Amino acid sequence: MTQSRRIFRSLLRNFLQAIPTIFIIVTLGFFMLQLAPGDAADFMAAEAGSATAETMAQLRSAFGLDLPLLSQLGSYYAGLANFSLGHSLRYGMPVSELIMQRLPGTITLMAAAIVLAVSLGLLAGTVMGMRPGRWPDRILSVLSLLFYSVPAFWIGLMLIVFFSIRLGWLPTGGGYTLGAKLSGLDWFVDRARHLALPALSLALYYVAIYARLVRASVIEAKSQDHVRTAIAKGMGRYRLIRVHILRSALGPITAMVGMHVAGILGGAVVIETVFSWPGMGRLAYEAILSREYTVLLGILIVSALLVIAMNAIFDIVQSLLDPRVAVR
Amino acid sequence: MSAPLLSVRDLTVDYASVRRQGRAVDGVSFDIAPGEAVALVGESGCGKSTTALALLRLLPDSTRIGGSIVFDGQNINGLDEKALRQLRGRRIGMVFQEPMTSLNPVQRIGHQIAEVLRVHTNLGSCARRARVLELLHQVAIPDPTRNIRAFPHELSGGQRQRVVIAMAIAMNPDLLIADEPTTALDSAIQAQILELLDRLRRELGMALLLISHDLPLVEQWSDRVIVVHHGQVMEELPSQQLFAQSQHAYTRGLINASVRLHDDLHYTNGRLVEVAANVDPSGDHSFTLTRPPLPASAPALTPSPCDTSLLSVSNISVQYGERRVVDDLSLRLGRGETLGLVGESGCGKSTLSRTIVGLLRPSAGSIRLNGQDILNSDAAARRALRRRVQMVFQDPYASLNPRHRIGELLGNILAFHGERDPIQRQGEVFKVLDQVGLPRSAAYRWPHEFSGGQRQRIGIARALILQPELILLDEPVSALDVSVQAQILNLLADLKATHGLSYIFISHDLAIVRYFSDRVAVMHAGRIVEENDARTLLLAPTHAQTRRLIEAAH
Amino acid sequence: MSHNPDINDELARRALGPGAAVANAAAGNAEPSSSVRRVLLNPLVVVGLTILSAIGALALLAPLLTPGDPLSIAGPARLWPGEIAAFPLGTDALGRNVLAGVLHGARASIFVGLSATLLGVVIGILIGAVAGYFGGWVDDLIVRFIEIFQTIPSFVLLVVLVAFSGPSLLTVILGIALVSWDVIARLTRSEFRRLSAQDFVSAARVVGYDHSHIIRHEILPNAAPALIVTGSIMVASALLMEAALSFMGLGDPNLVSWGSMIGSGRELLRTHWYLTAIPGGFIVVSVLALNLLGDGLNDVLNPRHGAAGQIS
């Protein structure tokens, strides 16, 4: 089948593209690590309160921090080849394990935000684009311009003030209710209640973008030749919107979502710190506070991998939606 | 004549959008009988396409339509959306100009044709598929069972137009409207599509409304012609009488301005007729036809090719990656000669011209001007040689930088080439504007303030200002209306006589090449396959490709 | 965190699709001399510029309006806005004047936003122009490089960069410039590529102009509108990034900025939400003004003309 071959080739291309990307990030990251003021040993010592030169040296040699730069780099590469990102002193476990614990949280948050952003964006954009200039269009245009300008972390805090503190409807943070042993539907509802505010805060900015894009596509589509052909065929309004206008807007939107994955991930980092969401971003925040630069570097590498993987998925979705998109 | 199928009375269309305003159609009336083929013909902007779109109410909501459009007893101009849908696609089918964009790019073509049946019938999916296959067969799409699953981008332009036609005839409509259905296609394919439309019209007993700018085309493929200008009907007459018996000055002007293959007119023995429209204060149009005289002091009108040759291109090849677009090609051009270069699109003629002016570098071969090698001389000598060869581009809209006034556009060239004195530069700019027939005030205006023909004059002025010996004319009139074509060709012929210029004239239109060239070279697949003086080549073609081009032009 | 300019890049690209120069020209919108006037007549631009100049004036006058160090304790802690006339916007958990913070914060935020964008734009235009104009292997190399940059989540990279090199005004500016140049580089490349292929550039080469003349006089004036629009959106994006960095405690510790005020106000979110709301409101208003300006410029400089729409 040509379809499966296209998907395979798309995956292969993304995989091959990932190699130089990761190599450059790792190398850059490693040298940036050398820029950092003080290493983890300094921090450990500071936390322990005792800082004799002797214990520092012991700590450094225990973690290989006293080796020459190039051999540290060499062992970092070697470690990576074995899927090892180093060791976290503070948590006392391998960085890769630490990140793997947090990865599902981040992916869940991103996925929820993307679904929310695309569906709300499509809905609002269609309403706006069908009758540009009317009052629903004007109101939604103003709203989208507003969402487009609001920092996600701030809207998150404001949502907490309103929905959690004032109304008490939703929890202020965390991934689930601590200590509650829930199962089945209750478990799901509990998770969803915790997810609602962070996902919405992360999504609003992108809702604004997609709404504007869909609005523009719908308006543009109405003057496109093939839509005129469809009208000349005698098609009704709603079928026309569904089959010809929105269907062809989906391709560019998917491409846009693919382009935004990196940005959404960046947004998730901040949102997670706002909502104490158990994901990589929260981990990054903790790592900054405790100056665990290996953890930060590991997060950077894993985020890039996550973006590459999600891009691969969106490439496939896009090539399924638009047959003209040749697999590069 | 039986009762008309369609009767249009006093149709007016007013645009009122941001993009376009004003009256496009101004009191058009005509009838179409069942089974009849009627053509609306006119130059761009005359309102013919707007009329076609108004018939199915496909214009933007902001447009106001006046008058009546009575189709089979009901006035389309008063119908609601629901009743309109009953007409569109079922009783009236429509074919658009641009086959590349008039199909939905993300849907299989079978699905798009079946959609018509889905909307207008309650056939099951098997029956729909059978009908789609039948239609694909009817419009002569090869291998229907395979191509029913094709996406539009997998088909050629001609095949896509066939698919659009299949959609339009799916419900056996009473009227088919075809808006410039072949303008975007190669000449060989044009004839096939028109033949298909004509055959379907007879088989299905449809009436056909053909919209076109092409007089010979409508003469051949319609029963009756309606000539439109400025949103008004100028004249209506049977097609056979179009060329011989048209009475209206405008129609006569169009006929005389256009060149046909079998005319015996050549630029050395006569200029083309120019039509000028005069609008009197009451809003009526009158037309004057003039045939400009040949320049009195014309130097050597028939140059001899054995003269010292100006340009000699030897064995050049041009490659885009692996693909060799120009293949070991040689040609010579005498001083004062015009060489016509014809060929289908993609034959390499534009690549060749871009190589000669230095926009592309050949992978092999040499180009000599006045005996000096352009490619292998040092930078200063090359620049001096390049000045001698200039170019006029096809698209008068894309070839002028929108951000320069005409005075700057022309004056900067002189400044760059060392003319420091602004007064001197201005004098030169005025002189060249005079030469191309533009007012001197043009120097202070922006490109967008000019019409297509005027812009092409600016393009010619730009080529002329460095006083070259050779100008490459890359399809210089193919984007222009017939009446403007005549003016530009006359101008080019005059400039050649007064400045002793040599031209390489690239065109896909054999009739124009035959009129404007001393010698004609036929290009095919990156090579010159036949070369002869214009008259002989057309009378006695030896190469199959030449014969194909001549056939397609008739 | 935000890839603000993406959408505008996309919209600009669509607006400036093949023949857009023609469309501009046809609509009478290509007159450089009157374009400044038309820009200043656009209501979105007027509103955006008014808000921005008001904020700019407040920032400039901050030392006069609220003298002294905004980080020093000025009065009783946790005063609500309006509670005492001397502190119209109240005081924070330590008794620092919120108004002083907001005004001085405007200086930091605007300075970071403008200088980071300027730096990013200069780098981006240089790299993009080289790639787009000359094409070939240089282009291939630069495109690959830009693609790699786009795979790295820019905000995560920014966090790592600033955390590693120690938060300061300079590192924040350099960091933001480093993660945002690719946007303008990509746009410049595509604009230069599109324009280089146009007939009027071919015509310029035929009359003998050299590369520098063609880039300066033929291509740049036509690419400028899209670059200006994207530049104005990039300032908004830089502002948002700076705010998010400071919020996470990665701003310059010696300077007060809107983001850092939100970060510290957050501790009292439950009881004193105004400490978070006020600086956030200022961010929203400034970013909104920049986006209005960008939209207005886009309307004036890149008018969209109907069916520009090839999707691929």
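By written order: A, B and C. Residues from 1 in each chain.
Assume a residue touches a chain if its C-beta (ideal position, glycine included) is under 8 Å from a C-beta of that chain, and two chains touch if they have at least 3 such contacts.
Going by UniProt, the chains are A = ABC transporter permease.
The model shown is predicted, which means the values in this text are computed figures rather than measured ones.
Novice: Suppose every chain is reduced to the average of its Cα atoms; which one is closest to the average of all protein Cα atoms?
Specialist: Chain nearest the centroid of all protein C-alpha atoms: C.
Novice: Can you name the chain that lies farthest from chain B, using the mean of each chain's Cα atoms as its centre?
Specialist: A
Novice: What whole-Å value do you get for the distance between chain A and chain C if each is reduced to the mean of its CA atoms?
Specialist: Centres of chain A and chain C (C-alpha means) sit 22 Å apart.
Novice: Using CA atom averages as chain centres, what separation in Å is found between chain A and chain B?
Specialist: 51
Novice: Which integer distance in Å separates the CA centroid of chain B from that of chain C?
Specialist: Taking the mean C-alpha position of each chain, the two centres sit 45 Å apart.
Novice: Residues touching two or more other chains, restricted to chain B: which are they?
Specialist: If we look for residues of chain B contacting two or more partner chains, we find 101, 105.
Novice: Mind pulling the residue numbers of chain C that touch at least two other chains?
Specialist: 306-307, 311-312 - these are the residues of chain C that touch more than one other chain.
Novice: Hunt down the residues of chain A that sit against at least two other chains at once, touch-wise.
Specialist: 223-225, 248, 251, 322, 324
Novice: Within their complex, state which residues of chain A touch chain B.
Specialist: For chain A paired with chain B, touching residues are 223-226, 228-237, 239, 243-244, 247-248, 251, 321-324.
Novice: Considering only the defined contacts, which chain B positions touch chain C in the complex?
Specialist: On the chain B side, the touching residues are 19, 101, 105, 354, 357-359, 383, 386-387, 389-391, 393-395, 397-404, 412-413, 416-417, 446-449, 459, 462-463, 466.
Novice: Any idea which chain A residues touch chain C in the complex?
Specialist: Within the complex, chain A contacts chain C at residues 17-18, 20-21, 24-25, 29, 32-33, 35-37, 145-146, 148-154, 157-158, 160-161, 165, 205, 209, 212-213, 216-217, 220-221, 223-225, 248, 251-252, 256, 259-260, 262-263, 265-267, 269-270, 273-274, 284-285, 288-289, 291, 293, 296-297, 299-300, 303-304, 307-308, 311, 322, 324-325.
Novice: Can you list the chain B residues touching chain A in their complex?
Specialist: 56, 58, 60, 81, 85-90, 93-94, 96, 98, 101-107, 115-116, 119-120, 151, 153, 164, 167-168
Novice: Which bits of chain C are touching chain A when the two form their complex?
Specialist: Residues 1-4, 6-7, 10-11, 14, 144, 147-148, 150-161, 163-166, 236, 240, 243-244, 247-250, 262, 266, 269-270, 273, 276-277, 280, 283-284, 287-288, 290-292, 295, 304, 306-309, 311-312 of chain C touch chain A in their complex.
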